[in-house]
Every structure is written in C-alpha cells, then in structure tokens.
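First subunit A sits with subunit B, and in the next complex the same chain sits with subunit C.
Right after this comes the complex of A and B.
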C-alpha cells in the first residue's frame, strides 16, 4: 500500500514538471496592479502635506524651515506600500511604482527628500482643502517633524519657532 | 588557511535561521515561499536550519517587541561568528505601522545589529532573493537616496515698490512678469 502511494506521489511530481522560476537570472514580471515603492515627483508636489497626514506608518515627515521652504521627506523604512499617500495626493505627485528590488545594506538608501518653495499665504500658512470633514481635522499650519532623528511629531503650529511673530497670535494648534 | 577557506565558502552555503519576533506571519510565509520549489533557494546553497547554533544568517521578521527582544538577543548571541542579520519586512526594518504602540520597542536593529534590509510588507519572494543576492555580492543594489531641491522660486514675487498710482488706478508695473 505504501509503495503504491509513493508511486502515486512520484507520478504527481513528474506530471508537474519543472516549476522553478529562473528569477535571479531573468527578471520576473510583476502583476499589473502590484504596488511597489512610492516614487515622488518633485515637479508636481506642492507640499500640501496630505500624504504626511494620511500615512498610517508615519513615514513622510514635513519640516518647515521658514515660511517659504518646506521639506518633505519619505523614509521608506516601515512603508507598507499601502498607497494611501498616492491616493490622497491632489497633484498625483506620488506614483506607486513596480519597484520591489530594494534590498540594501544601508536603510537610508530608500529615502526620498523633496525641498520645496511654498507660496506665502499669511493667513493659514498652508492651503489644502481636504475632501472630507474628518480629514479637515488633520494637522494644518507649520509642521516641525524631527527630521534629524527621523521621527514624526504630532504637532503643528500657527507660527514658526525660528521667527516668532507678534505675541498675540501665539496660538498653538495640537 | 582554514579561516580563508571558511570565509570563501561562507557566501556559498548560507544556513539561515528564521526568527519571528512578533510579525503578523506575512513575512514568514514569504520566507517559506522562497524555499519552495518555485523559488528554490537551495540551489544557491541556502538552507533553513532549526537552531541558531547551526546558522550563519538570521532572518528577522517582525519588530523587536517588549516580550521577545530578550529571546531575539539570545538567539543572536548563540549564532557562531561570522554571522549576518537580515531584517525582512517593514516591521523588522522600521518597526512596522504599530511602531509607536506600547508593546513595540522598534526595529530589530535596536536589539541586534542588522547587516541587510529588505523593506516591503511583506516583501515579494523575489525581493528577498534579491536582498540575499546583494548580500553575497551577486548583484549591485539598485537603490540610492533621492534628494530634490528647488533652487529658484517658481512663482514671481510681488514687489510693493513697483506699485504706481495713475489717475485713481493702482498699476503694478511688472505685471507682464507675473
């Protein structure tokens, strides 16, 4: 009986033929809807911060150097390739690429950093209308994430720390 | 001589130990997928072993958790040198999307030194093979940090000194540049 079942197994294995993919030698195509690493198009990004507010892994940091310059930094370490940043981006500046061969010996290799000039709206600081009422509750104003230590800071301010404005508008929005 | 021979052969017969310190099992499935006949890494001499004492490489999945960090550290210490640590998945590379919850200490590099990172949640089996190929020097890594900096203000600036009065109208003289 057991010899018979072994023979049966051998027949099944022989029928399947050779299935090993020639991956490292030949590249392997990915499915059409595969989401790889998000790629930022710096020419399209307006620095609205929608992606940073909606990233569940808090992988996109915003840092306002001054009124005119904003740094958008994508770290990529714990990015889950969920595509929410690409979904929420009003300018379609983020594309979910098919790149998956991101193995590296230095984690900083997958960072993307965009330094942008912002237009100077003195009233709200940053103009970005979110699609729903819930999303409008998200952080507005100046953002001071800890870019040096790559930490997301859940706080935004209506004034810049480096250039303290007139005292009476020191309202902190948490 | 024996040492040289050992070092030469190290890259050709990586015995891997598979350590999950609190991931969701997605990465484990992908690592096991790499060992199936479809990807068959045993043709490169990579073999899964059951004990860290037999292993050259530790594949870490999942973040360093409060409850498993000690065990991970002990497994690392038990491995004979030379040893490599691969962080597989976004949990091991950066702490995962629950990086700030109470039970997660952070990426595995907080507990053990990591040599190679394979981000993804979970990474494709091809991505894992690629990361291993980078480690043993078969291919070059494809990623490099991207930095973009605008050096010229794209929007023309508004200069109040160019405003001139002209019969009850205020005219901005540089208007064609705006």
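Right after this comes the complex of A and C.
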C-alpha cells in the first residue's frame, strides 16, 4: 500500500514540474489593488490631517512650523501598509503604490515630507490651503519644497485690507 | 430562549448571589455574580452544565465603578450560547477565589490576571509569573488604568533571574528553544528527560509581547484596532480582525450589511485554506517528509495570489472596519476564484489520497501527542486538536457569525486523538472550505459594503465574539468605552488554551516526538503573547512537574 502511495506522490511531483519563480532576478507584476508604500501628493494635499488622525500605526505626523507652514511627515518605519490613509483622504492625495521592495539602510529613502503653505482666512484667522489651482497661482514666489528659504514665507496680516481681496497678497522680498 | 433557561438555572441554584444579567440576544448571556460565589458558579457551569471554558478576563474598572472586575467566559456549544460570568472585586482588597482547581483550563488566565491587573486568585496552586518579564518589579501591573501605556516601571531589574523549578529526580534538563530550527517563534521549553523519554517540562513563553491590548485601550481608536489586531498573528490575522470587529458590533448592536458578511466569510475561508495547507506542509517538514511540504506549499501559493488580488496584500487583508468591510469581490475576481477552487480541489484530492495511505508518515504520527477527550475538556483545547479527539466543536456551526448560518458544511472529526488524526482533520477541512466559498459566491447578494455609522458607539456595553480560526476558536471580549476606543479588549487566541495541553501531550513519549507534538497544535506564540510586556519567561504550570501532571489535567473530573 505504501509503495502505491509513494508512486502517487511521485506523480503529483512530476505533474507539478518546476514552479519556482526567478525572483529576485525578475519580479512578478503585482495586482492592480496592491497596497504598497503610500505616496503623498503635495499638489493635492490640503493639510486636513485626516490621514494622521486615522493611521493605526501613528506613522503620519502633522505639525505646524508657523501659522502658514504645515508639515505632513510620513515616517515609514512601522507602517503596515493598511491603506487607511488613502481611504480617508478626501482629496485622494495618497495612493498606495506598487512598491514593495522597500528594504533600506537609510530610512530617509522611505520617509516623505509634504510642506504645505496654508493661507490664513481673513475672516476667522484659521489656516487653509487654497482649494483651486487658480487661487494657488496667486501665491507667486512660494515654492512648496523650499521651506529652507525662509524669505519666501508668506506672513499674513491680522486685519483686512481696505482694498478688494483680489490683490491682497504681498510677498516679502528682500 | 437558551440564555434565559441557563439564567434561571443559575438563579435557582444561587439565588441572590446572581446580581443581575444581560441578555442582549439569545446567543449571549452576561451574568453578574457576587465575587464570593464566582467559584461555585463557574464550577456549576463547567461541571454540571458541561460548558466549555473559554477564558478569564481581568479588568481595571476603578475609574467607572470603583472596583476591579473579573470575568470568566464559557461556551455552550450545543446550545449556541456564549456566556460570561462577571464579578466585581473590591479595589482595596483585590482578591478573588481561584477557579483553577475546579476548572483547570483557567490556570494561565488567572496567572495572567494576577500579573497584569494584580487581582490575586486565592487558592491558585501555582501562582508563578506567567506573562511579565523577569526583571519586572513585583506590584507593577501594566493593564491597570493608572499605568500609562509607555511607562517603564520603577525598579526594573535586568539582572533579576527567573527561578525555574527543579527537575524531578533522575531526570536531565534539556532546553528546547527559545531559538530552535523547528520553532518558528521564540518560546522556551525546559524538558525533563529520563533516557529518551520526556517526563515533563516547564514552559517559558510570552517573549514576543507587543502590548496590543494596552494600546487599544489607551492609544488606538475603534477603527484603528482592526488593522492592529490583524498583526497579532501572521497566519490567522484576518480572524482577529473579524473577531474584533464582530465583538464591537455585538456590543454596540450593529449589524453589518449582508454582502459584507459574505465577504468576511470568503476571506476567512481563504485564510483557512492557506493556513491548513501551510500547516500540513510544516507538519510534514518536521517529520522529514519534505515532498509533501513542497507540494502543499505549491498548491497554496495561488490562494495567496487571489487574496492579494482581492485585498491588496497576500496575508494582511486589512479587511474589516466596524460595520462592514473595505474590499469588494468583483465579478471578475469571482470567476477567477471559482476556477482557482476547482484547480485546488483537483490538486489536493490526489495528495490527500496518497498521503492518507502513506505508511511512513503514519508511523511518525500515530499515537503521538495524544490529547484525549478528558484533556480537551479540562484544558479547554479547541480546533483541530479537539476535533481530532472526537469532540465535535466548531464555532462556525456552534456560534454562527458572518454568513455561516446561511451555509451548509460539515464539521470534520476523527477519533484518534493523535497527531495523525489532526493531519486528517486539517486535510479534509480544506474540502469543506472550498465548499463554503463556492456557496458564498453563489449566494452573495449585492448591496453596500459598509454601514454608515452616524452616532457614537454606546459606552460600557459588553461584546463577545468567537471566530473559528484555522487552529481553533479565537475569542474576543470587548467593553466599549469613551473617547472612541474600547475600555477593555481581551483576545484569546486558540494557542493560549492549546499550549496548556502540551505538557500532557508530550509526557512519556520520546524526545524525538516532541517537535511534532508541539507542531501539531500549530502553535502561534505571537498570538498567545499579545499582551503587555517587553520580553521573557513565563513560569511553569503545576502540570509540568512529573506526578502532578495527570492529577491536574486528567483526573480532575469534578
């Protein structure tokens, strides 16, 4: 009886043939829905903080450098790629990419930092990011990725201009 | 009306000691009893009413009621009832009668309550440290509410040594683990060997603690926890994810939409398929039968791929949120899944046919790691270990959740009580899982995936949920709380009970059979070790010492 089952097992093996994939020389394509490393799109992000509030691993931090600059930082250390941030993002600024080979010695390769310029509402004083691309264009001189150059930083005023709101932005140039 | 019936029986027997009861539905019963009557009530449930012991839970309820709380969960499998017996314990004198001499299965649970909450089970025969690491100071109890989640206790002493029991006379100590080629996770067994025979052992586990329960009640929020619960286990993560969501839903009286229930069922069964194939492979690998190891893993691989396609990841499905699921099963995936199941069935059938007659593997597994009905009852063993001993329990049928009440399947049992029977149970359950998924695909109705929950979840409600993981029943206990997070969340993974049966299973067999016996319960140490600590060393249970073994595990029948 045992001989027979050995033969059957041999048939199973022979039928299967060679199935090992040539990874890592060649990697398999991942499915469309694959949840890899999350990518943050600075152009779409409005700094609402929904991702930071909903990250189970607390890997997305939100802090304000000043009234106008908000930093969204993705630390990427213990992120579990659950995709909750992408789920809750109202602007679809976070996408779960197809990257999975994220092993690295330098954590900076994985971390992402989004620096957002937040305008101040002239009525309530709270910060917001201009909703439309057109409004963002008014912020000439400000570069999203250039916090280091502080002279670009816009300072809001706490009072309303008497002039119409269209022309109320003055960039401090040196 | 089973719940009311049981309650009436309790009232009749114990009268005013039964303080109040909650019956949110016919499948759940919460009985509050006087602490002095707790032991008698548990004995009555366990011995006279023949309930299965599930777990003991300690809670620090001082901020709310000014007292500690202890709960013991029981399951009436034939009556489809989960029952929790709760008792308040005074804050100034946290002591409660130990139930472990009438319910041996409560041994670890009580030691854990003692370690983490600081409620002393009076009369416990072996109150050695179980969960906390060696260097942890006495008197610091991490699950108390006044202990911060990131607190390092004062007086932590790295150099403090754990005191092991002396081996019985004539025995040599053979250390097994924490790192060993056949252990996938760290755990330490001190085996007492006489010649080639194992006469007993002492277990130190709980080395991979991540403090998930503490985090859940102090840092995370309701919808964060499912993603973390999933990380409790690398094999049956989805089980914890679903069980947690269901426990909260049952506490808050939320019913997820039917489509979500079917999707949960499908994902759970996909997980079972991969887990059973993985385990059969591993068990064969342990006894040196690598052919089957390779083949069953080959057959398993497409299951991982389809899971990846549905959920976005091979293993961590991140499936549930409270009130629904996150991923849909599209018609395209549905077709693919059907084809995959056909292929799987066609491939698995000849493997099972060949292996079930293979003398070599039978010789290595017959009569090894025996866990008989008495041990199953006394230690509360669950899953394939219980079913291989002819104990017909399966939460999918006994405590139906998700869509299992609308499906037709069989519960596989075997009578051999040994490793071989467990192999057979698991190999055959693969076909049942295939059957279940096929029915789900057939019956799945259209509809929303998630419920819109507008109100805050009610506070202070109790919820229980049992989910049949591939290795046995996974039980979650939740008390809802303030600040969008539970007050207490207790996870009991199947290995927590099954490991307590190991000493009896390996006693008086050859050292060479130790690994497969241990492997046969499919131990998942990280499941068991989900609580609050940094590392290290549980104590031994009384069971380990040579002559006490049978006394505690087998002869204690009432």
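Assume the second predicted complex is superposed on the first by the 119 of 174 C-alpha atoms of A that agree within 3 Å, B and C clash if a C-alpha of one lies under 4 Å from a C-alpha of the other, contacts with A are read in each partner's own complex, and residues count from 1 in each chain.
As a convention for this text, contacts are C-beta pairs under 8 Å (C-beta built on N, C-alpha and C of every residue); 3 or more make two chains touch, one makes a residue touch a chain.
Keep in mind that what you see is a predicted model, and the values were worked out from it rather than measured.
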{"item": "Subunit A as common anchor, with subunit B and subunit C clashing or fitting", "value": "clash"}
{"item": "Partner chain in contact with A:31 - subunit B first, subunit C second, else both or neither", "value": "second"}
{"item": "More subunit A residues in contact - subunit B or subunit C", "value": "B"}
{"item": "Partner chain(s) touched by A:2 [first = subunit B, second = subunit C, both, neither]", "value": "second"}
{"item": "Touched partner set for A:23, first subunit B, second subunit C, both or neither", "value": "first"}
{"item": "First, second, both or neither for A:12, with subunit B first and subunit C second", "value": "second"}
{"item": "First (subunit B), second (subunit C), both or neither touched by A:111", "value": "first"}
{"item": "Partner chain(s) touched by A:56 [first = subunit B, second = subunit C, both, neither]", "value": "both"}
{"item": "Partner chain in contact with A:81 - subunit B first, subunit C second, else both or neither", "value": "both"}
{"item": "Partner chain(s) touched by A:103 [first = subunit B, second = subunit C, both, neither]", "value": "first"}
{"item": "When the two complexes are fitted on chain A, the stretch of subunit B hitting subunit C, from 22-30, 76-84 or 148-156", "value": "22-30"}
{"item": "Interface residues of subunit A shared between complexes with subunit B and subunit C", "value": "19, 30, 56-58, 80-82"}
{"item": "Residue ranges of subunit A touching subunit B (in the complex, touch as defined)", "value": "19-21, 23-24, 28, 30, 40, 42, 56-59, 68, 75-82, 99-117, 119"}
{"item": "Residue ranges of subunit B touching subunit A (in the complex, touch as defined)", "value": "37-40, 43, 90-91, 93-97, 99-100, 107, 115-121, 123-124, 126-135, 138-139, 141-150, 153-155"}
{"item": "Residues on subunit C engaged by subunit A in the complex (per definition of touch)", "value": "219-220, 223-225, 227-228, 230-231, 291-292, 294-295, 298, 301, 305, 308-313, 316, 318, 326-327, 347, 350-351, 353-360"}
{"item": "Subunit A to subunit C touching residues, read off their complex", "value": "1-2, 4-6, 8-9, 11-13, 16, 19, 30-31, 33-35, 54-58, 80-84, 87, 96"}
